[in-house]
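Here come two complexes built around subunit A, the first alongside subunit B, the second alongside subunit C.
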Partner chain A sequence: MTAYTGRIATTVRGRTVGSRIAASLLYPLGLPTLLLVLWGLVATRTTSLFFPDPLTIAEAFRDTWIGPAFVEDVLPSLARLGLGVAGSIVLGIAAGTVIGLTRWLRELLEPVLEFLRAIPPPVLIPVVMLLLGITDTMKVVVIVSGAIWPILLNTIEGVRGTDSVMTETAESFQVTWWERLWFLVLPAASPRIMAGVRQALSVALILMVISEMFASSSGLGYRIAYFQRNYLIAEMWSGILLLGLVGIFLAVAFGLVERRVLRWYHGIREVNRA
Partner chain B sequence: MRVFPTRRLRALRKAMLGVVGLTGFLVVWQLIPTLGLINPLYLPYVTDVLARLFEQIVDLAFWRRLGSTMTSWAIGLTVATVAAVVLGTVVGLVPFLRRATHTMVEFLRPIPSVALIPLAVLMFGIQRQAALVIIIYASFWQVFVQVIYGVADVDAVARDTARSFGLTRREQLSHLVLPTTLPYLMTGLRLAAAVALILAITAEMVIGNPGLGRMIELSRSAGDAPGLYALVVVTGLLGLAVNIVFRFIERRVLSWHQSVRGEEPL
Partner chain C sequence: MRDRSTMLRVEHLRKVYESATGTVEAIGDISFTMDAGELVCIVGPSGCGKTTLLKCLAGLLRPTSGVVEMDGSPVTGPSPAMAVVFQEYGRSLYPWLTVRGNVELPLRHKKLTRAARDKLVVDALEAVGLAHAARSHPWQLSGGMQQRVAIARAIAYQPDVLIMDEPFAAVDAQTRADLEDLVRELHASRTISVVFVTHDIDESVYLGQRVLVLSTSPTWVQEDLAIDLPPERDQITTRALPRFTELRTHVYDQIQRAKRGQAVAPRSAR
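Right after this comes the complex of A and B.
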């Protein structure tokens, strides 16, 4: 009797595990595969030159980006992006902390910052080009000048929102200024800061591409615009694909970092919800 | 009685400091070229830029360009919002679709919309449609993701209550799903409006369809620094206006919502 029910239980469990694995593979991969196949079918039937089939794009991707182009175009782009993002994070958090902690400074600068933030970032490219000429520094400065605003304003808000009871407790325990900054103010502001960094990343990627399309002789943006002007359609698609991969990579990397930095915060929220 | 004057005093102080800050910003800008820190050819005097700004305001061609940019913005934002609301509601309400599209959405969303500029140019040349492709792609995701979150956020108890009271599908949509989704939708709409403006101007700069963005690029290549800075100031004011208008709409539409009323839930 017990053996009988036991056997049924295992077979049932075996089937559900199998179907669950199938479902967990089918759900994420089903639609993309379907669309790729559909694209391939449409591309082979249509006469339009602008939509090559996925295999041609994959081939172009391999031929274009794996090899010297990776060193000449992809790495410089990523280096500028990295420098720009790092610069805006450091400057944004530093300035944001100072402004957020000083009330008169905050009230003094608020309208100016609101205005500067409202300027569409790509508009800054011609301005920085005028000021610095067409150099690598210019591209990094462009990225910083666009990506710094979400971080700066979120840091100001986050620092300002530090729990007043905790601030007063730290004061009465005579915690030094640096310790207070490091153990109270910055952790309290970190959820807002990370939200700012997430916005900054997508702005930075856009600015990297456009600044290269505008004024460059290397880099991803330049390459893609070059392919388009010369009607190298499959190569152009492979560039779009690569940019997409960079975007996805950034999103995934940010997700990992955020989960680490804000582990305590998500923990608290989980507890509160339960 | 004492609270009121101090609060008013504080608001007054804030406004005064804001004006001082703005004036200080303009003075510093004026001083940098005056002291010769940066050549006025590259950073023109504030007075020159403001003079150019007023010149533009009485110029009909300027308003035509502004109109062109804002038309692209409005069409793009409308199409993206309608598509995102319809698709987002359907996908959000059907668990099967939500699971099936999840990877696709996570894959497509981070692709920077400017990567599609070359494709848009090939398909449409330097017409407005090319700009619209990019505007719609970028602003679609902002609204779509928010609508999916919003639709999924419907309170389980409220849903069960609606079902046991025998509300029809249509009634459930208008009395249950819509009120829950509206705050999310308004957030998405505000973000999308800002993103659409950025991409409308970017598209004009890179693609060259008529509008403010092309004018910026033209004044840069002509070396007309005051004109360039005046247009940058215009785009900043435009961004500010879009932000303020959508914040106002958000407050108006959500006036019944707890986050706007500022009351504690019972």
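Right after this comes the complex of A and C.
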């Protein structure tokens, strides 16, 4: 009886393993392939200038971005993005921690912060441009001015939500202020902080492109706008493709860092689910 | 011979919570003393302010009036001579630190050499039987083991007084018996005094050298009972002694009286 059911179980399992591998390849790759084929079909049928077929775009991608443009446009963009994100993280966490730990400061600032966060950051570009000129600093400032909010507000919430028993434990053992910050407050807030950083990354990418489209002589956003104005449609699409790839790279890199930083958090969730 | 000097002295302790909706008198008037090296259990009906009392002892709460004295000097805040084991081990251990990291954290600000600190941590983990789990995270352990980590953290801190707030209320009966024996063993092998707050009458009689029975809120000490059971105790024989049954029945009656409000407050309490 046991042997019989056992055999059935293995054959079923064998079949599902095979189909599972097929499915695990089919699901993530299937839809993109289908979309590419569709794009290709539409592109060959249409007479519109704005939809070159995927192969043309791939060629344009190779010719445009692999070469000096990588140093002239892609690297400066990535540098601005990196500085903007790093600045947002450092400032957001530092200010968020101070505000989250100081009650009167929090009550004083919260309405103002909510207001500032609600302003769409691109409208600040002309103002920042007037103040700082058309410089790299201006672009980094624009990125920070938009990307800092999710980190700042999440840090405030996370720091404020530190468990009271954990705080009392630290108090009863006379753990010093710095140790409390490093071993209690920041780790306790880290799930919220990471959620803020995730949002900040996409905001930062958007602002990088827009700030470069507004006023720049280099960078991805500048180059894409240039292609658009000069009817270099395949090149324009290749730039958009590159932006998408940068976005995916950011998401993957973030995922790796998050898994490391929040290992304990995901561990607890797994234990609770089991 | 054990040192008979007074370790903890509580005199006319009173705690009133004030809020927008009115004032609540949690503790009316509590006075007692504890000698160095004693193991005192505090029992009382639920909601009688046990946790409030304990926080006042640990320096986490300021009493409204009255004195708490440790070794002759007044308690005004948390002191390195005291360590607390909280009831909610899940909220008292830090899940992002390993077991080792949790035990080590309170020692960081003590001026110890690396080797001395390591020795304290290893020694404490061995004492609670968790030397093998040093690199695990608390949430990978069972509830009973997590509470052992909290106990290890407290004894590694080398306090004179160990304050335990219903530490075993959330673990199953079997684990609880093991942990009770662990507390008695640690108390006997190290020169520490223990204040053990519980709502479990059997536990208080089994563990304590003395049991303080608290009244309902506003709280005073309704009875200070010496437990005259032999110092060598074990879960089976001790709990089967006729004297054990008498004592637990006595404490039980006292708590029932407290709940019905029949006990009379001492004159000093009002």
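By our rule, the second predicted complex is superposed on the first by the 254 of 274 C-alpha atoms of A that agree within 3 Å, B and C clash if a C-alpha of one lies under 4 Å from a C-alpha of the other, contacts with A are read in each partner's own complex, and residues count from 1 in each chain.
Keep this in mind: a contact is a pair of C-beta atoms (placed from the backbone, for glycine too) under 8 Å apart; a residue touches a chain by one contact, two chains touch by 3 or more.
This is a predicted model, so every value here is computed, not measured.
**Student:** Please indicate which partner A:Val71 is in contact with in the superposed arrangement: first for subunit B, second for subunit C, both, or neither.
**Tutor:** neither
**Student:** Which of the two partners, first being subunit B and second being subunit C, lies in contact with A:Val175: first, second, both, or neither?
**Tutor:** In the superposed model, A:Val175 contacts subunit C only, not subunit B.
**Student:** After the superposition on A, what does A:Leu116 contact: first (subunit B), second (subunit C), both or neither?
**Tutor:** Touch status of A:Leu116: first partner only.
**Student:** Using the touch definition from the top, say if A:Val271 reaches subunit B (first), subunit C (second), both or neither.
**Tutor:** The answer is second: A:Val271 touches subunit C but not subunit B.
**Student:** In this superposition, which partner touches a larger number of subunit A residues, subunit B or subunit C?
**Tutor:** Touching more of subunit A: B.
**Student:** By the touch definition at the top of the document, which applies to A:Leu256: first (subunit B), second (subunit C), both, or neither?
**Tutor:** A:Leu256 sits against neither subunit B nor subunit C.
**Student:** Is A:Gly244 contacted by the first partner subunit B, the second partner subunit C, both or neither?
**Tutor:** The answer is first: A:Gly244 touches subunit B but not subunit C.
**Student:** Now for A:Val165: first (subunit B), second (subunit C), both, or neither, which partner does it touch?
**Tutor:** It touches subunit C, and subunit B stays clear.
**Student:** Answer with first, second, both or neither: which of subunit B and subunit C does A:Leu130 touch in the superposed model?
**Tutor:** first
**Student:** In the complex, go through subunit A and note every residue touching subunit B.
**Tutor:** The touching residues are 27-32, 35, 50, 104, 107-112, 114-127, 129-131, 202, 205-206, 209-210, 213-214, 221, 224-225, 227-228, 231, 233, 236-237, 239-240, 243-244, 247-248, 250-251.
**Student:** Using the touch definition from the top, list the residues of subunit A that touch subunit C in their complex.
**Tutor:** 163, 165-166, 168-169, 171-176, 179, 183-184, 187-188, 190, 264-265, 267-268, 271
**Student:** For a test of understanding, state which residues of subunit B touch subunit A in their complex under the given definition.
**Tutor:** The contact residues of subunit B facing subunit A are 13-14, 17-22, 24-25, 38, 42-43, 99-104, 106-119, 121-123, 197-198, 201-202, 205-206, 213, 216-217, 219-220, 225, 228-229, 231-232, 235-240, 243.
**Student:** Mind pulling up the subunit C residues that touch subunit A in the complex?
**Tutor:** Answer in residue numbers: 58-60, 78-80, 82-84, 86, 88, 91-92, 94-97, 101, 105-106, 108-109, 137, 139-140, 153, 157.
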